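The structures come next, written out as structure tokens.
Note that subunit A is present in both complexes that follow, paired respectively with subunit B and with subunit C.
On to the complex of A and B.
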């Protein structure tokens, strides 16, 4: 069993680690080494020029800032909206809960591309096209169904006795939510925040359709500009820019993961 | 104690969420483009090309302060997504830097402004085949600024080392001659020739006229276009396949990797590529290279490439100003700068080609710039579903053929069935 676990872990690490290793390796290679038919695992003399080229490329820093701003705000709003919604859905008994959950989850069945054209036309009509506000609203909408489903699980884990104790003490439903449920589902909120942030950070479709013009670009659309036509492209700077673009999400995950684990343990002790 | 800590956390979270919502909704709604500003959208991705476009826009804005132009850069996929949505909603850019084959769908839907009346003065300077390629129903939907041809390039030092004479660009080179030459420069540890086989269908179609290939009949009747796969149409595919499977003068690895790196690393004697990559050799390698003659066959040496075009949106509120700006971009010196920056593609006008010749005295540049007459119309570009067929059948089946997984007959059958299924 232990051997199987070790083999599984090694396989998992290679499966996910190798592409990342290759990305970092490519970012440090010279142009002629990148497409070489000789297998170069890692350049003997790492070339950092790709990183300076990536950073100096016009628009990349603006795009990074735009991505950070849009992802942070979207993640905050998603988290804020999800918690009370999940509480309501989890607490409701009978058909409402089932219908609400089913409706929200069924919206996940349709690919985003199906809704993009009608949404685009609506956005142009109501003046939300090419605005960060419009994009943030869309990201929140796209993030909500899965976030709600995720948070609902955390709310359901809150012992009913605690909620009832709050009510017996005279607290209203809102007060129970604010003073009892929200602190207890903080780990869930962090998970939702991480999910919404990463999902928005990596999204290409909304950014390319709803945000146009140089000053509105996000990192994903800027990264796509490193690739030219017919398989040609600036692969070294592209790899370097991709490595740099992973850092914020990685940092966020590392910082919040520690917090997440700590809160999980706290929850365990309480229950 | 614990309760108050939770309260504080909940308050903090609530405040943060409320703050985020407030800030997000306070971001002012902005219109798609500022009034009177011409939006010029380009998919330029190479830094020298971007720099030239920026410089040209700056020059224009200085000389025409009442008609400011804003350059918007997008990736290839983004360009077509933004055009498709933009034309539907009336938010498309005024001037579009795109490609004739891809722009055709928008021209057919009436989204592109007819430039023919405004560019009659340039018509005698533009190859008739290219003018036709950028036209739909006698309406010019784009001013052709860039043309790419396929041409074999030789590594002079490798040829010398192997004791093989490099044919002069002015000589004649048939497909059979190229095959024989590739065989001559092939060694036990080195392929003689490399062709980018990842999108080999394009090469096959563009070079089709050199072997008299038609590929389709009934092109002008639209949906009734019929695929032809006779000897002429299969000749280029067969030649490439023979070089891989019979002569072993080309590696099938070029199905998934570009021969560019092997050539630039001095490990490939002949690279059959587009002339726009000339600058890549100059910039990335110090190898001595020379263009081989243009390939000619029973149909001559003319190729049928698509063209890079500047199009104007028919929805633009400033079509006259947009046309004026395109005329500026099409000036000989500006075309020369742009095509040099792209890497050595051929400017769409004779004066543009002459301007490059005046700037680039190197023999290779002089040779490619003299090939502007060796062009013809690409009728397959007008066939509905051609792009879909190429992507779904022609390219994937060619890859299977070149890697020895199917025979030429199976290839022919698969692409024919594929076409019949799409019609």
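On to the complex of A and C.
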């Protein structure tokens, strides 16, 4: 059993580690070393030229800025609307909560591609096509189902006595939400924010269909363009650009993962 | 009593008003497009300005039944989805079992195993295209070092190797979700029961079979069903990788439908394909989850 465990650990460390290691190593190699038929695990003299070339390439910096700006705004709006929505769903026992749950479930089952064709035409008609506003609206709505599910566990943990005390004192729902619920579900809001940011940063479908202008590219679509148009000629700068695109989400993810697991555990225990 | 309930309802009204714009947006970008898409499936809608749209009944669906390419892609999608879901589930549970030891050196492996979740499909594509390269990819270099004559394997270029390579990439990229869920579920596994079994001399294999797997089942079955349909519709990853290596007949149905709409402008036909795919997915999920719901009711 112990040997099995060691073999498993070694296998999965290589399986998950090697691709990342090779990416970083490629991004630090010179062009000759990349094309070399010898195996160079890691360049003895790391060369940062690929990074400066990736940054100087037309589009990458603009795309990074677009990604950052769209992801931040989308994550803020998602977090801001998820809290009251989760509160309402948890509070109401009637049709509203059923409809909301039904929507959350069906949005997971329905292929998003099915909504993309007509949405494209609607967006062209009402002038939201190729605008950041239009893309942000889509990101918020696409992030919402899972965010609601995440936040629901936190809202449920708010003791009903506290809510009722606030109510009997005559505070409006908005006040209860703001002064009682929001501070208590702050951890949930943080989880939702990070999830929404990572999800938006990495989204490809929305960006590739709804943001087609050259100056509207995000990092994901810009990378995909490189793969598509320039093929494989420029491994070094590609790898460098990919490393740059992965760093922000990876950092956020390292912060998130412990809370994420804890939240999943809480949800599992409850149900 | 009734009075109090009604004031509570009134109190919540302010929150509802606050969220009304959100509801409008959901209807606009989520509900309306689905309805339109279903309607479009029965028309001859093609891309263009001022094109007449005519109701054609079931013509799109009839055409679909004769479209051999769609059938091929449907079959490919099924095989891809089943294989990658089985692969990720088995491997994900294995990783979760490994990680579920309170040992500090497991932490880096945990971060590694979950890290693909934080990466975009194009980033994943770049990583694997670099790794699998004919000339400079480490596998090919090592094969050449070992004097294997076939040290120039086009993992992504060779039509017979393309699909297996895609499965490996899929397993790598899609596993974190399962690992994370299995790990969360293992955290609430009764420690007392597990330790009691150890003392009673139960072998690890028996423990896996009689304690751990039954414990994981209620989490894994719905996750398996969801993954099956997600992977069937895993658009991004395959679309990006296909962008640079399009071997013939390698499109899964979602990518096939996407090309019909955005490359050939066949919105009506693409919608019919989309509706078919959605119906198929709904039936699939219902079939798997109904069985489980019945079991949990007993």
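List of remarks:
Criterion: the second predicted complex is superposed on the first by the 212 of 271 C-alpha atoms of A that agree within 3 Å, B and C clash if a C-alpha of one lies under 4 Å from a C-alpha of the other, contacts with A are read in each partner's own complex, and residues count from 1 in each chain.
Operating definition for what follows: contacts are C-beta pairs under 8 Å (C-beta built on N, C-alpha and C of every residue); 3 or more make two chains touch, one makes a residue touch a chain.
Nothing here was measured: the structure is a model prediction, and the numbers come from that model.
By the touch criterion defined above, A:84 reaches subunit C but does not reach subunit B.
In the superposition on chain A, A:19 makes contact with subunit C only, not with subunit B. Of the two partner chains placed by the overlay, only subunit C lies in contact with A:114; subunit B stays clear of it. Residue contacts after overlaying the shared chain place A:34 against subunit B and subunit C alike. Which of subunit B and subunit C touches more residues of subunit A is settled by the count: it is C.
When both complexes are overlaid on chain A, the residue A:227 reaches subunit B and subunit C alike. Shared-chain residue A:133: touches subunit B; no touch with subunit C.
Shared-chain residue A:104: touches no atom of subunit B or subunit C.
Once chain A of one complex is fitted onto chain A of the other, the partner contacts of A:209 extend to both subunit B and subunit C. With both structures placed on the common chain, the touch criterion links A:158 to neither subunit B nor subunit C. Residues 34-37, 116-117, 121, 209, 221, 224, 226-228, 231-232 of subunit A lie at the contact with subunit B in one complex and at the contact with subunit C in the other. On the subunit C side of its complex with subunit A, the touching residues are 7-8, 11-16, 18-19, 22, 25-26, 28-30, 32-34, 36-37, 40, 91, 94-95, 98, 109-123, 125-131, 133, 135-136, 138, 141-142, 144-145, 172, 180-181, 183-185, 187-188, 204, 219, 226, 229, 233, 235-236, 239-240, 243-244, 254, 257-258, 261-262, 267, 270-271, 274-275, 277-278, 281-282, 285. Taken in their complex, subunit A has these residues touching subunit C: 1, 5, 8-9, 12-13, 15-20, 22-23, 26, 34-39, 81, 84-85, 87-88, 91-92, 103, 107-119, 121-122, 137-138, 140-141, 144, 167, 171-174, 176-177, 198, 201-205, 209, 219-221, 223-224, 226-228, 231-232, 235, 238-239, 242, 245-246, 249-250, 252-254, 257, 260-261, 264-265, 268-269.
The residues of subunit A lying in touch with subunit B in their complex are 31-32, 34-37, 57-59, 72-73, 76-77, 79-80, 116-117, 120-121, 124, 127-134, 136, 178-179, 182-183, 186, 189, 208-209, 212-214, 221, 224-234.
Remark: subunit B residues 3, 6-7, 9-10, 13-14, 16-18, 20-21, 23-25, 27-33, 39, 43, 45-47, 50, 70-78, 81-82, 85-86, 88-91, 196, 198-199, 202, 253, 257-258, 260-262, 264-265, 267, 284-285 touch subunit A in the complex.
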